[in-house]
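Down below is the structure, laid out as structure tokens.
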Amino acid sequence: MTDLVDLTIAQALDGLKKGEFSAVELTKAHIQEMEKAKHLNAYITETPELALEMAAKSDLQIKKGEMRPLEGIPIGMKDLYCTKGVMTTAASHILEGFIPFYESTVSQKLWDAGAVLMGKTNLDEFAMGSGTITGYYGATQNPWKRTNDNSVLVPGGSSGGSAAAVSAGLCMAATGTDTGGSIRQPASFCGVTGIKPTYGRCSRYGIIAFASSLDQAGPLARNVQDTALMLKIMAGFDDKDSTSAQIPVPDYLKSLDGDLKGKIVGIPKEYRPNGINPDVIKMWDAGIKWLKDAGAEVIEISLPNTEYALTVYHVIASSECSSNLARYDGVRFGIRAEGDTLDEMYANTRMQGFGKEVRRRILVGTYILGSSRYEDYFLKAQKVRRLIVDEFNEAFKKVDFLLTPAAPSTAVREDEMRSQDPITVFLNDAFVCPASLAGLPAMVVPAAISSDGLPLGLQIIGKPFGEEMIFKTASIIEKAAKFNLKPHRVEA
Amino acid sequence: MRYTISGKTGQWEVVVGLEVHCQVITKSKLFSAASATFGAEQNSSVSTIDAGYPGMLPVINKFAVEQTVRTGLAINATINKYSAFDRKNYFYADLPAGYQISQFFKPIVTDGYLDIVRDNGEIKRVGIERIHMEQDAGKSIHDLIPAKSCIDLNRAGVTLMELVTRPELESPEDAGKFVRKLRSIVRYLGTCDGNMDEGSMRCDVNVSVNRPGQKFGTRVEVKNVNSIRFVIQAVEIEAKRQIEAYENGEPVIQETRLFDDEKLETRAMRTKEFAIDYRYFPDPDLVHLVLDDDMIKRVKDNMPELPDAKKERFIKQYGLPAYDADILVSEKEIASYFETAAKNNDAKKVSNWIIGDLFALLNAQGKDITESPITAENLGKLVGLITDNTISGKIAKEVFSIMAETGKAPELIVEEKGLKQVTDTAAIEAEIDKVIIANQDKVAEYKAGKDKLLGWFVGQVMAATKGKANPAMLNEMLKKKLS
Amino acid sequence: MPVDITTVKQVAYLARLKVPDSDLEKVAEELDSLCEWAEHLKQVNTEGVEPLTSVLDKDMPLIYRQDVVSDGNIQKELMSCAKVSQDGFFVVPKMVE
């Protein structure tokens, strides 16, 4: 029955409908896989019992002939989404033991569609990181290994737990969040597909905030169609989120077929920095060819402010996070370290509760927002951010979408990333970060295997709310790339 | 003549600016659907948004915005179609999110004014820099558990409007009059109940002093000033403190002080080791607040008549003196009481009764006009009974006190107690005749020229009729009989 | 302009993080290098550019909630998440007025 974990969602739904297997069987297969893959540390909290309960309900629904769009599909939920009755930690000690009594809008939509919760997936603490190594519950391992090299690789981050779980067959799809590439970069490192939709497309209600002007929910799955299935459920207006868009959600599945005749693809030349992995360039060139084959016209464009994107991102994200994380103070939820005065209690709790990277970013953000620095750093970053947005808008007057690599390299070794200084770590996000700043939809689809046997992804950046165009293009790349879905699964 | 304070070394001018926090009347909070009303059990009018739980997001209350627009229109201000919310970051146990959502950079209302009338009749226009919306904080209770503070978040997230005046008030009285005027207006509008003792309206007072003709002195902020009387006292006390300091060659530092309403002093707040830096920045959870013209128009079209306009109308429509009109419009409820009572009535008489006897009565009973034991309709009827000579003014006082005790209608009291004025000439004549027959000696004296005795005769007849004889008729008839 | 230790202490205080004295120097260096990195934004000409707070800004006006009470009355749930509470209150070390 292990092959159940290799099915796509579409195949599984078909099998469930035909009665070839039950939802409980499907869930059990994934639980077994989870048991085998404990070393990956993809989940912070596994919920096998709850999963079986939910699966049993799904079987009843199927029996009644009332199958919902994701009936019985085992999914992983990034542990940044508040889930009613299930511990939610943001991979932080400070939220240890926090069991929300409310549900995030996006997770609720997934439950309403019949999905089954396998567990809460690991992440960088409060989603601050690019490798899923900063969390209180330990690092997640990438299921992929380099050819003939058993060293542990990071799955990327911050949605590394979700990417690893999807890649290793520990769930069929998972939710992620993307603030500066946190869905797309891990998707590339783990060889899965992932989309960060347009800012405002999915509700942020109930998702623990990192940087509110950038945070966006999105799915990770094993192919383009599954990703579309997931996003269709997750997306939509929510009156509990003032930044959610009142725009109807199209049926993304309908956009998966067709060609690119009459479409113009932009190739931004700034995404070809010195020192980029030659395999990445090879993949990119292949991608360009596939799109041409599908009828698209390809032109080179320039986005000169790209080089400032990472800096702008870190100034803005650190500032927003320093404010967003002020609520973790030991008073109302999470851990508490006592102190003689209120201020001491706060300082002790937050010092114990937050890990090093989070503390570092809070300090940076607090410093930057200081009244004497506000204008030089924060306001300046906001202005450059507008220039970046304007630059994309200009480009989209000429092209329908952009094609870039997802990351400048393949998955990095964990020990290597741990020894890097913060700015070097940020460079992993150089290609995914600009779309976050501009709030644009962007998807990563696995497109090649590097010379040392690791997956590489291509990124499609679309116009605001242009997810359909992205899915169509991703689907074309997917077919052309004939990507092998499975990681080598070298045993640890 | 500008108000000055005499110091040891000469005269000083006072400059005052006010920051007034008004709790906005709404059903639910500014950014959550929890109840904004008071008196609920601790932490029961609290949502996960108010308590700053992970993943929670603010969604703005439309009515709170309209209330602020309404207030902005009433102070003749610019309503900004684009405004925005910012975060004011600081840690405190009554501030769950670690930041207060406020409007620092782009407030919704800017550049308004209010006119106040000084005691000498002079009209002073006071500029208002801005009104912005923000969240109220929760409450800390310090005496429930030893060495601990208890936190109740019922108030956290309730809508506040903060109104900031320009530094244009020139005396303690100006400050008091401004707050009184503002309170009257928000009550007229129904945007704030204005109850300072309950904290729904709170003042911070900025005070500086300077020599006439010289630049403003250092500005000191006095917090926690929670009644109009205290506003007046705080300005006076702080101005005097500053004058003394200057005159003793001590510096006045820019700081925040607390007003102590028992010791009647201001004192410096404990300084923290580190300077507070609120790190204001635009709240990314709330995009621009955009007001559409329709909404502003709707609010404008539904504005109630405000005190200044009402005063003008009272003067014109009822022929009242400005003094009366001013008092009657000071509260919406008094004005409406007056208008009800004055319907088809002698308005000036009604005004006299309200400002005189009714206010004295309410004052004695510690009630406000909405709790008056005498309804406006009944007071109107009472004045009607005087005007149509059913009762005399003197009897009316008696009827008024019975009304105050029983709440009964005046005509019923007059009927029951037989207080109707005797206007029947035959009846009065009979009583006059009796008095004349019984007092022939006095008649003789009167006729001999002792005119003053007429009053004595009136008294006798009045006593005999238990005061019900119409005084004018009685006088005339007596004179005739005795001549 | 290098970040001095007093500033680091102030920032740590504002952020309510108990940074041990032995780490202050390191934090100062980190802030320094981050700011140095951020300095290169100065190369960008942003004259007349309006700062961008949200990609949605102005295109999408704020959504309104009607003034209806439909939330609250979750005192028990709130208290169940708090480490220290009593009689429906959150409890903290005594605050000095």
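When the chains are written out, they are named A, B and C in that same order, and each has its own residue count from 1.
Throughout what follows, contacts are C-beta pairs under 8 Å (C-beta built on N, C-alpha and C of every residue); 3 or more make two chains touch, one makes a residue touch a chain.
Every value quoted in this text rests on a predicted model; they were computed, and no experiment measured them.
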Which of A-B and A-C has more C-beta contact pairs: A-C
Central chain (by mean CA position): C
Mean-CA-position distance for chain C and chain B (Å): 40
Where chain A and chain C are represented by their mean Cα positions, the distance between them in whole Å: 24
Centre-of-Cα separation between chain B and chain A, whole angstrom: 58
Multi-chain contact sites of chain B, meaning residues that touch two or more partners: 48, 51, 53, 59-60, 89, 91-93, 149, 151, 277, 279, 284, 286-287
Contacts with 2+ other chains: residues of chain A: 98, 213, 239, 242-243, 322, 326, 329, 331-333, 342-343, 346, 366, 370
Chain C: positions in contact with at least two other chains: 13-14, 16, 53-54, 56, 60, 62-63, 65, 74, 78, 81, 90, 92-96
Complex contacts: residues of chain B adjacent to chain C: 26-28, 32-36, 41-49, 51, 53, 59-65, 82, 84, 89, 91-93, 140-142, 144-145, 147-153, 270, 273-275, 277, 279, 282, 284, 286-290, 292
Complex contact set, residues of chain A against chain C: 98-99, 101, 199-200, 213, 239, 242-246, 305, 308, 311-312, 314-315, 322, 326, 329-336, 338-348, 350-351, 354, 359-360, 362-364, 366-368, 370, 376-377, 379-387, 389, 421-423, 438-439, 464
Chain A-touching residues of chain B, taken from the complex the two chains share: 48, 51-60, 87, 89, 91-93, 96-99, 149, 151, 277-281, 283-287
Touch list for chain C against partner chain B, complex: 9-10, 13-14, 16, 53-54, 56-58, 60-75, 78-79, 81, 86-97
Chain A partner contacts - residues on chain C that touch it in the complex: 3, 7-8, 11-19, 27, 30-31, 33-35, 37-38, 40-42, 44, 46, 49-56, 60, 62-63, 65, 74, 77-78, 80-84, 90, 92-96
